[in-house]
Each structure stands twice: as C-alpha cells, then as structure tokens.
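Both complexes shown next keep chain A, but they swap its partner, so chain B is in the first and chain C is in the second.
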Partner chain A sequence: MIYEVFRQERKGQAFAHAGSVEAPNEEFAEAYAREQYGRRGESTALWVVPRQAVHEIDDFADELQKNYHRVDGYPLKEKLGRARELAAKSPGGLSAGAG
Partner chain B sequence: MDAREQEFLEYVQGGGQVETDDWMPDEYRARLIKFIEMHGNSELMGVLPEREWILRAPTLQRKLALTAKVQDEVGHSQLIYRVVEDLGKPREQCLDDLISGKSKFHNVFHYPTKTWGDVGLIAWLVDAAAIISQKALLKCSYAPYARIMKKICWEESFHILHGRDVILTMMLGTDQQRELVQEALDRWWGPLMQFHGNPIARDEDPMYVWRIKSQGNEEARQQFLDGYVPQIWELGLTVPDPTLRKRDDGAWEYTEPDWDELKHVVTGHGPKTAERLELRRTTREENAWVRRAVLAEAA
Partner chain C sequence: MTDQVQKIVEIADDELVLGWRNSEWTGIAPLLEEDVAFSSIAQNEIGHARALYELAARELGTTADELAFDRQPDEYRCSRLVQLRLVPDWARTIARHCIYERADQARIEALKRSDDAELAGLAAKIDREEAYHRMHAEMWFDRLEDEQRFKAALEELEPLFDVRDEHIPEFAELWEEMTMVRRSVAGATW
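Entry: the complex of A and B
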C-alpha cells in the first residue's frame, strides 16, 4: 500500500507534499515516514495519507470567464493612462469630466 | 514523433513539470525509469565502500557520522526506488536487475577504498561531484523526482562537510596523514573526472532534451572544477593532471578523461564490481526473512 507524505517545515506553514512510502499498514507507514522525513528535525509535523484517500480535482470550469472576482480582471494601466491624459488637458478641475 | 508527443516535448522544454498520473510519451517514461533507477542503484551501492570503514574509522565520532551517512544513502535509495515504482517498475525487479548486472550504477562505486584518506576524499569530492548533478535535478521535468531531490540535496550538504572535515583533520596531522590524502586524490582523480560523463553537447543529450537533466555533462564537470580545484590547491595538495588550468575565459582545461575506463567499469568490470554485487546478493537473501515477517504481521 502506498502512503503519501506531506510535511510541515515550520509551525504555521502549509503542509507540502514530500514523497511517498510503501508500507503494509498504517503503523509501518508511520515508522517509515518518520525515518524518511523527520529524523533530522527537518519537519515539525507530517501527514501520512493512504494514496486512495487523496482526491485530486484538476479541472476548473470558467465558462463565464468570471474574471471580476480576480486580480487579473482589473487591468487598470490603460484606463489610468487615459484618465491622466484627460486630467492634464483640463487644468480647470473636475468639472469637465467624462463618464 | 506524433503531435501529442511534440506538444509534450514543448511543454517540458518550456519548463513544464509532469506528475505521476499525467500522460507521458513511452520514450520519456523509459528514460526516466532507466535514469532514476541507476540513481537508486548508485545510492545503494555507494554505501558499500563506506560501510567497509565503519569499524575501522579512527574515532567514535567518525564511526557515528559514517553510520549516519550510510543510513542516509540507503534512505535515498528507498525514496528513489519508490519514484521508479510509480513509473511502473517494481522495487524487487530493480534489485534483481542490479544484482544480475543488467542495470548500472555510478563508476565511482566500483573502486576499492584503500585507506582512511580514500574515505575522506570520497565523502568530500565524490559527494561534491554528485551534489552538482543532483542540484541540477531539482528542476527535473518529472516533478515527483524533483521533490525528493530537495530532501536528498539537503542531506548531501552535511555529507560534504563531514568529508571536508575528515580531510582537513588529516591535513593538519602528520606528514604520513597528508601523504594518505595525496595518494587518495591521485587514485580518485581519474574516476572523478569521468563521473559527469562524456562531453556530449547538451542539445544532443536526450536526458537534456526531455529536461530530465537541466544541464549538460561538461557544464557539470566545469562547475565541479571551478568549485573544488581551488579548495584542493589551497590545502597544498597536487591535482594529478599537469595540464589542468583555468583559461582566461573562465573555462577549465584538463587532460581528456579515460572514457574507455569509464565504459569498462560501469558495464560491470570495475575492480570491486563483482565482490560488491555478491555482497548485495547475499545480504538480500539473509534479510529476506525480515521482509516476510513484516508482510506477514501486517496481513
């Protein structure tokens, strides 16, 4: 049986996938994971998870191109340039603004 | 090469990484297995020259350090064989092929360790040469291999320091100790210069083309010379190559390594090849009961 091992390098950090161990049961999996990923104090904690228990999702639909809830939905550079140009042309103030 | 393979090739050449379950061309998978398996074999066989010295190490501290190193290297081989297994070749089969001589391991592990000077030199310079190759694998296009390489490189860094400490201690000792180091360097220089392989242009090296390796053989050797020749010289040691020099453009010139020797040794004809494979075979037989017991208890 294959167990995936995730390790946390310092407290508060995210657990990251480190590798896997093959073991006949959980007890051995724990012992092997400790040996391989923890014996030098390089990890503050490990997650040892049977491979089948990991459910991967890697297809993310974006049919409506919902970029309004992401940073890349707001490319301001071009608009800002135009706004600055406009402001420079009307030194009198904001009275002649555009929509 | 069909369109799908071409697309894959462009993906990895653009820095893309591949996971275990992703589709990959058969050639890519076969090359990965062969390369990573040889790395696993080398870690496993690499402990034997050092193992011979655990009982003969000069102090308790050195015995402990050597034991820890052996444990690390065996651990690396376990991690690496795990990656090979996920690519489709079981560990048992890797071990069968190693013992029968069907698969290879690195040239430097086919030679004897004559004195304690050899042990220090291996730990320092052989590990240094190895870590240059291994650091370049941190960017391997096969991501699971790149990830375990992070841990392996981290442990190798302490191994190099341990080796350098052994060498420095001997260089600070008696004339006889300094001679042992010089003799070891004389013995190991040839194999060290062969270690990174023939200077095939990287764009003709399939391992680079598939971005399994991220640098060419000659780049790795130049990096080794640049990093370590000055460290060798500053201790008053002589590199046994009268033509060795750094050119004005920064590249190192050296005597052509003996490629016939490299080929002869890695195809199973090194001075210690047969003896070490035989030891692997007998220990595997002797330890078979442990594997049976573990599996029986878990069942």
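Entry: the complex of A and C
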C-alpha cells in the first residue's frame, strides 16, 4: 500500500505534500512517515493518507480559451493606477489613499 | 566498580553491540522504509550507549571511548542475545528486537527511579526514544505473531537476554571490526 504524506512546517501553515511511503498497513505507514518526514524536527505535524483516498482531478475544460475566467484576464494593476491618477487630478474628488 | 556503575556499563554494552548488529541491516532491510526506520533505531541505540558510557566514565575516571573500544572482548558485559549476528534472518532479528525492547524497558524504568538525579534524567531521556522503538517492535510483533518461524525464533532467543558471561565467536569478530579504528589510530575519538 502506498500512503501519501503531507507535512506542516510550522503551526498554522498549510500542509504541503512531502512524499510517499510504502507500508503494509496504517500503523506501519505512520511509523515510517514519522521516520522519513518528522524525525529531524522538520515538521510540526503530518497527514498520512492512503493513496486511494486522494481524488485526482486533471480534466479542466477550457475549449474556448475564455481568459476572462482567469484573474489575469483583468489587468487590475493598470486600472488601479489610472483610477489613482484621475483621483489626484480632481480636487475634492475621491481619494485613492496613499497605498 | 560499584554495582550501579557496573549496571550502567552493562546497559551501554548492550546498546552499543545491538546498535552495531542492527546497523548490519542498513541497505539490505526488507523494505526501503524499514531500512530507514531500523537504521535510525540502530543509531539511537549507539547514542544511548555513548551517553551511558560518558556517565560511567566520569565515575571511573576514564573516557567513553576507552570504555567502548579499549577493553578486551571478554570484558564486555553485553548479553548473549545482542551478540548474535542475525543478518539475513529478519524473523529472528525482529524476535530479538521484541525481546530486547521488553527487557530493556524494565531496567530503564528502574533507572528512572534512581536517587541519582543525573542518571534518572538520562534514563527518562533514553526512555522517550525507546518508546518509539517499542512501538516499532510491537507493530512487527502484531504482524508476525502467527508465523511459525517467528514463534520459533522467540522461543530460541528469549532465554539469552540474561546470559552475560559468555562470549561467542561471532562477538569476537564484531569486536575486531568495532575496535579497528581505535587499534590502528591511537587516540581516535568517537
């Protein structure tokens, strides 16, 4: 059985995939994960998950290249810049703040 | 040598020799993950030996290196159980591991209750690592307990833990290997 191991480097941080271990059962998997990914103080916590429990999704339909679905479809930085310029030019207008 | 120092050296000898024996599996354990786990246990045992030798060495006015490597083979107090070279028999190796960890737990518990605060503190530290070894041993015990080979190995090895006055030829060979550096480079340290 293959178990996928995720590790958390510091408390509060997101768990990231660390690697996998081969083990006959959950108990062995936990011991091996501890040994491979936790023994040197490199993790505050581990998640040990049987590989079958992980559902992989890799079919993302984007037939028409609708790039407006993506955040980079909107050049927000430029828009913001223009808005700030306008605001600065119009006395008494909206203040865009100092950011 | 007081009884207490003698006991410490005895445990240190067990841990040193068992650490050495377990490390003979490094690179050839039945599974890559187990290779890492078992090697790490071997490394811990040698670390325990070192700490115990250091404590005993202060009492005896010597050094850990001298205790570990400058004695003659028949001066070692290690158990007959740990002297055996068990590679490549995994069933017997795990049987020894289970027998040893159980027996070791009892004596480490006793050391934790010692009046000597330093010794009790060291025993507590060692015990925290041994807890992991015990978990590992129990896990294998559960997996193999119905196997005939494993049962036979337990029966064969169980009585050997308390035998301390015998040195088998396999131990002399290990001693040669273990002390080679000290014997060829005078003053080499751990």
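A few points about this structure:
Here, the second predicted complex is superposed on the first by the 66 of 99 C-alpha atoms of A that agree within 3 Å, B and C clash if a C-alpha of one lies under 4 Å from a C-alpha of the other, contacts with A are read in each partner's own complex, and residues count from 1 in each chain.
The working rule: a residue touches a chain if its C-beta (ideal position, glycine included) is under 8 Å from a C-beta of that chain, and two chains touch if they have at least 3 such contacts.
Since this is a predicted model, take the numbers as computed values, not measurements.
Contact comparison for chain A: of chain B and chain C, B touches the greater number of residues. By the touch criterion defined above, A:Gln36 lies against chain B and chain C together after alignment on the C-alpha atoms of chain A. When both complexes are overlaid on chain A, the residue A:His17 reaches chain B alone and has no touch with chain C.
By the touch criterion defined above, A:Val5 reaches neither chain B nor chain C.
Once the two complexes are overlaid on the shared chain, A:Val48 sits clear of chain B and of chain C alike. Once the two complexes are overlaid on chain A, the chain A residues touched by chain B in the first and by chain C in the second are 21-25, 28, 35-36. Across the complex, chain B meets chain A through its residues 21, 75, 78-79, 82-83, 85-86, 91, 144, 147-148, 151, 154-155, 294-295, 297-299. Of all residues in chain C, those touching chain A in their complex are 31-34, 36-37, 40, 132, 135-136, 139, 142-143. By the touch criterion given at the top, residues 21-25, 27-28, 31-32, 34-36, 39 of chain A touch chain C in their complex. The residues of chain A lying in touch with chain B in their complex are 2, 17-25, 28, 35-37, 40, 42, 56.
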